[in-house]
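Letters A, B, C and D mark the chains as written, and numbering starts fresh at 1 in each.
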Amino acid sequence: MELTAADILFYLFGFVSVVSALMVVFVSNPIYSALLLAVVMSILGIFFFNLEAHFIAAAQVVVYAGAVMVLFVMVMMLFDLKREKEEVARFSILTVLKIISVGVVCGVLVGAGAMITGDGMGFIKVSTTEAPPPPSMLLKSDINAPTKQTTNPEELKDEVVEITQNPQAGVEIFTKYTDTQKLSLKLFSKYIFIFELLSVLLLVAIVGAVALARSKGGTHHVTRGS
Amino acid sequence: MQDQKGAHTMLHVGLNHYLVLSGVLFSIGVLGVLLRKNALIILMSIELMLNAVNLSFVAFSKYAQNMDGQIMVFFVMTIAAAEAAVGLAIAVAVFKRFKEVNIAHFENLKG
Amino acid sequence: MGTTWLEIIINTVKIAAIFVIVVSTVPLLVWVERRGPAFMQNRLGPNRVGPLGLLQLAADAIKFIFKEEFIPTKAEKILYFMAPGLTLLPAALTFAAIPLSTPINILGYTFKLQIADLNIGLIYIFAVASLGVYGILAAGWSSGNKYAMLGALRASSQMISYEIAMGLSVVGVLMMYQTFSLNQMITEQFGYFSFLWQGSAVELKFLPNWGVFFQPLAFILFLTATFAETNRLPFDLPEGEAELVAGFHTEYGGFKFNMFFMGEYGHMITSAALITTLFFGGYALPFISPEQVREFWIQNGHTLLGFTGLSMPDIASVLTTITHLVVFLAKTGFWLFFFIWVRWTLPRFRYDQLMDLGWKTLLPWSLVNLALTTALMYFARIVK
Amino acid sequence: MTDKFLIATMLLSPLIGFLINGLLVNYNNKSYLRSGIVATVAAAISFLAAATLFLKLLGVSAPEVVKAHFFEWINVGQFKANAAFVVDHISGIMILIITGVGTLIHLYSIGYMSHDEKPAKYFSYLNLFLFNMLILVLGDNLLLLFVGWEGVGLCSYLLIGFWFTDSEKAKAGMKAFVVNRIGDAGFILGLFLIFILFKTVEFEELAKLTYAPELGWGLLTFATMFLFIGATGKSAQIPLYVWLPDAMAGPTPVSALIHAATMVTAGVYMIVRLNFMFMATPNTMMLIATIGALTAVFAASIGLFQNDIKKILAYSTVSQLGYMFLGVGVGAFKAGMFHLMTHAFFKALMFLGAGSVIHGMHEEQDVRKMGGLSKKMPITYLTFLFGWLAIIGTPLFSGFFSKDEILWKTFASPMGSKFLWFLGVLGAALTAFYMTRLMALTFWGKSRVDKSVHVHESPIVMTLPLVILAVLSLIGGWVGIPEVIGHIFSIPNGWEHWLSKQVVDAAAHGSHLEEWLTMATSVILAGCSAYCAYFIYTKKADALEKLKNQYGKIYNIISNKYYIDELYQKTIVVPLVLLSKWFWSFVDVKIVDRTTYLLADIVRGAGSSLRLMVNGNVQQYALYIVAGMVAVLVVILTR
């Protein structure tokens, strides 16, 4: 099978994301690294799109690129951080050690990633070849026949039951519904409790952030650089 | 790649490519955390690491035809957002107090 | 882009065409912006250059191009130059997902008058829209001017809070249409106002099947949220001339300022198109579904385009597409006028009023709307 | 009354006496009468119970054994030891001796301890001794015997060192205890070996087993050897006898009871009790016989030139014990037992006699400062006379019958030998000599008592036991008249018959003529040496001086007890002390301490080096996390 547009795009965006990730770490001005990180996140959004995780892709862009990075940029702008003199720790044995260990981590992860075979190293069943005909691709503008979605709850309900009891059924369902429905079916059936728990977590985070932001900053008066 | 379709199958994007990419991004994140002195940059590197993990989750979700991966990404996102919020709040508080963002100055909790 | 080279070419041509349409409407809007309010306030407006001041557009365009490019000393060079692009990019991208009209079937090919028909159209638009904030922040901060910075911060916080309100208000609509794809939504809105109530169908002849009648509250909320999102007048604190000179783009002149301008209007066009698609049936005629229109053209389409020698169905499909395109433009035009119309009627909000409105009224009401629609749909589904 | 009640009363009355005197009576009140009577009554009750028990055994239809099982003491795996007490033919005799002589000595002590500050303490210890001795004798298994064994060792220590304020006496007590402990160690090893070999320690079961005679040096020989070592410790034989002469530091009734009649005989009793086992190990028997004979002659020779009356009697006890072990060693268990009983009578008599002499002479013990007491202390003199006649073996007296029985068995028994018999006879002669010397120096001859001392006869409470014991030492021997004399007057040998069921002697073969001849030689020899001693010490005091300076060196050696104590001091005690000093200075300081300090240093060093890791540098912590992660990843992926 020759090179599809998607493959070209993957390599292009892959390269861009790696370069910008590196720049995020090594650029001296933090604002630029924040913006670059936003770029990386959008590119990841595109990758998700490629992997038929449409809702997650949109969510990624909205949540990460749109909100979290904006927070970072706003905070940095408030701090008005200009170029930093010596952003990376000066050259010392420790730095070498760090770089070596990161090299090892990268080697191990990339090696593992590259070597993963069909049986998924005994963890999960993975088919490294192309998944069954994906319902939609980014730029194939003409196909995309609207797939039939059942709306009445009874049919949906047994669908849900089917998933939880019979994981194998999961594969058929995987192809019948659009990505977002699949996600929501599972999310609100098997993982409903975690979903509610997350809301509590967010609440806690909000309260925490507000409390911290309002505090006068620091509990004991320590002169700078003491 | 033991894919039976022709020579240049190496180039056709499979699960391995995504995993390799997420591995690289993850190590860059770790590098950022280890090398940079600026607290905010460290927070951002952590975000980067989380994103790399998300990528591998989604890749696995697609190639294993199982929605759990995406659901996990969903959870990771919320947690990352919460973490970023709280992290930034702390950074703001610290900056207000010490007018300093370089973590080299915060080593009072010494052994 | 499709796999075959032909498709790729056709797609690029289509993208270019749509982009040109968007860009050309901007000067038109500017003209309307100047003439309309003048008319409302019983004054003339620009009429010196060309008939009714139409050439004024060209004059402004040329002016912007030739203005002196200057860069503030303390500015961050790179970011300063990137900022206008960053604002323009999302505006353009969001328009890609909006279906302009029915697909054309000519010579065996079908062309969709839509750059990208995504089955997640709506949240794609929201995603890209949320990136708009970067442009404003970058502009505000990189120009090194304190007022610009303040304007940028205000604008971004406003956009973020209203983004939530807009998102939530749309959820009600989504639950009704059960899909993100805008095409899908439009097909749901054909014909008469009808719905299933506990098994039995109910139909009201005098109302079209538009979203606005199903979700009136969502419509109002969405409308106000879009105003805030595009920094249009009641919410245009960031450029508040009175206090912050020109808000985040004070330091910009010449073409860069023009790009900001275009960005803002692009955003406005997209929002207007979105309102029509979500609530007013998109390119569909009120009571007539595209099929009926196509039938009509099959009977007497020949008279208009007989000379082209196309087969009858092709002609019919071309003609139906054109009619629907006209309908879509009419509706969007009306909403654009509405935007301009509101600008010269409502006073500007104070910053805290702005925030209260966003968090303390829009948000709760959209939650109420959400609850209401869920309840109604649930009862509607119970088969007696 | 049931046997159990009888045994219980016999055992517990001395214990109760001990408790009353020990706990209830105020320690330092002077009323010796009250505590004395309590102790004597307790001993008397115990004697009555013992007597009734003995009568139970006498009858024709009487049971062979009276047994009382109180509780199961130890039951671990195969090892089983019950608190059960047995009165059979052997222990029957012993309990009579212990309680009988014990009661007499208690009575005597009332008089003797009248001037003492803490009589209550003395009487409580005495009662405790009785209790322990009874346990030793009555125990139905070796372990219980050992309990009694240790108990009596303790009481002897307490009583020897009774006047502990005087450091000499305290040292003597300590010496007795330590030497006994060395013997006990041997005893314990023997006990263990027996358990290993036979998986049981009860006499009844041990008796049932058949023992193949072990000619070489097998385990059984070692077991019996170790038991014998215990016996030498307790009954003061050659290597471990040094403590007995020093034990005279205790009050005289104590020496009479413990170091004459009962405790020292424990070793002999133990061997007789296990006679079947000892018969199976000829090597040990030969060892016992030789040590017995040697001790007899050796102790007698030392006794010749002692000047302290109690030291003479102590060495005489050691020598007589030598005889008992000689008898037992040649397989004449019954004769050994017989001599044990007769010796208990006349030796207790002599000790008590010496006690009353000392009491009369107001704590004067040196024989050279006595003389001509026969007129001043007639009763003591007369009773002492009976004892003297018994010990030198004049016919008709108990000493003659038991000692000659042993000598005859040594001569005739297959295990015995002519040389041992000769040593025995030599010992008898020496015994006669120094006893007569004693009699001459204390009772006959002119009085060398200096004027200030007013000699007076002891009170009735002291002389009564003397008289009883004198009678016993006369008629004691008639119980076991040897058959060669007995059949003339048709008197059966009661003793042989009485012990024959439980004690099997080696078959002695020899004609009556030989027996008569050996008897005659020993009597004549003893008579001559007695006359010589009488002649030298009463008539020719100056001849003695001449003899002394002629053989000065030998005289010095013997009078200083062959310098045995000094020898032990040099060869054992000093090197032991030096060794322990070396251990302390080298092993302890250099090796043990050094290693512990080393460990401590290692830990502190590791601690400080680890502390460097926590230096506040956040990124270093991140590095550790990453390293950890890598390790985990590698492990998982290369699983």
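Quick note on the criterion: a residue touches a chain if its C-beta (ideal position, glycine included) is under 8 Å from a C-beta of that chain, and two chains touch if they have at least 3 such contacts.
Owing to the predicted nature of the structure, the values given are computational and were not obtained by experimental measurement.
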Closest chain to global C-alpha mean, per-chain Cα centroids: B
Highest C-beta pair count, chain pair: A-B
Chain C-chain D separation of Cα centroids, rounded to whole Å: 124
Chain B and chain D, separation of their C-alpha mean positions in angstrom: 92
Between chain B and chain A, distance of the C-alpha-averaged centres to the nearest whole Å: 8
Chain centre separation in whole Å, for chain D relative to chain A (CA means): 97
Shared interface positions of chain D, touching two or more other chains: 619, 623, 626
Shared-contact residues (touching 2 or more other chains) in chain A: 4, 55, 59, 67, 78, 89, 98, 101-102, 105, 109, 112, 179
Sites on chain B at which at least two other chains make contact: 30, 34-35, 37, 108
Which chain pairs touch, all of them: A-B, A-C, A-D, B-D
Complex contact set, residues of chain A against chain C: 4-5, 29, 31-32, 35, 38, 42, 45, 54-55, 57-59, 61-62, 65-67, 69-70, 73-74, 77-78, 135-136, 138-142, 144, 146, 149, 151-153, 178-180
Chain D-facing residues of chain A, complex: 89, 94, 97-98, 101-102, 104-105, 108-109, 111-112, 121
Sites on chain A touched by chain B in the complex: 1-4, 6-7, 10-11, 14, 17-18, 21-22, 24-25, 30, 33-34, 37, 40-41, 44, 47-48, 51-53, 55-56, 59-60, 63-64, 67-68, 71-72, 75-76, 78-79, 81, 84, 86-89, 95, 98-99, 101-103, 105-106, 109-110, 112-116, 120, 124-132, 167, 170-171, 174, 179, 182-183, 185-187, 191, 194, 198, 201-202, 204-206, 208-213, 215-218, 222, 224-225
Contacting residues of chain D [partner chain A, same complex]: 619-620, 623, 626-627, 629-630, 633-634, 637
Of all residues in chain C, those that touch chain A in their complex: 1-3, 7, 11, 76, 78-79, 110, 112, 116-120, 123-124, 126-128, 130-131, 133-134, 137-138, 140-141, 149, 152-153, 156-157, 160, 163, 178-181, 183-184, 381
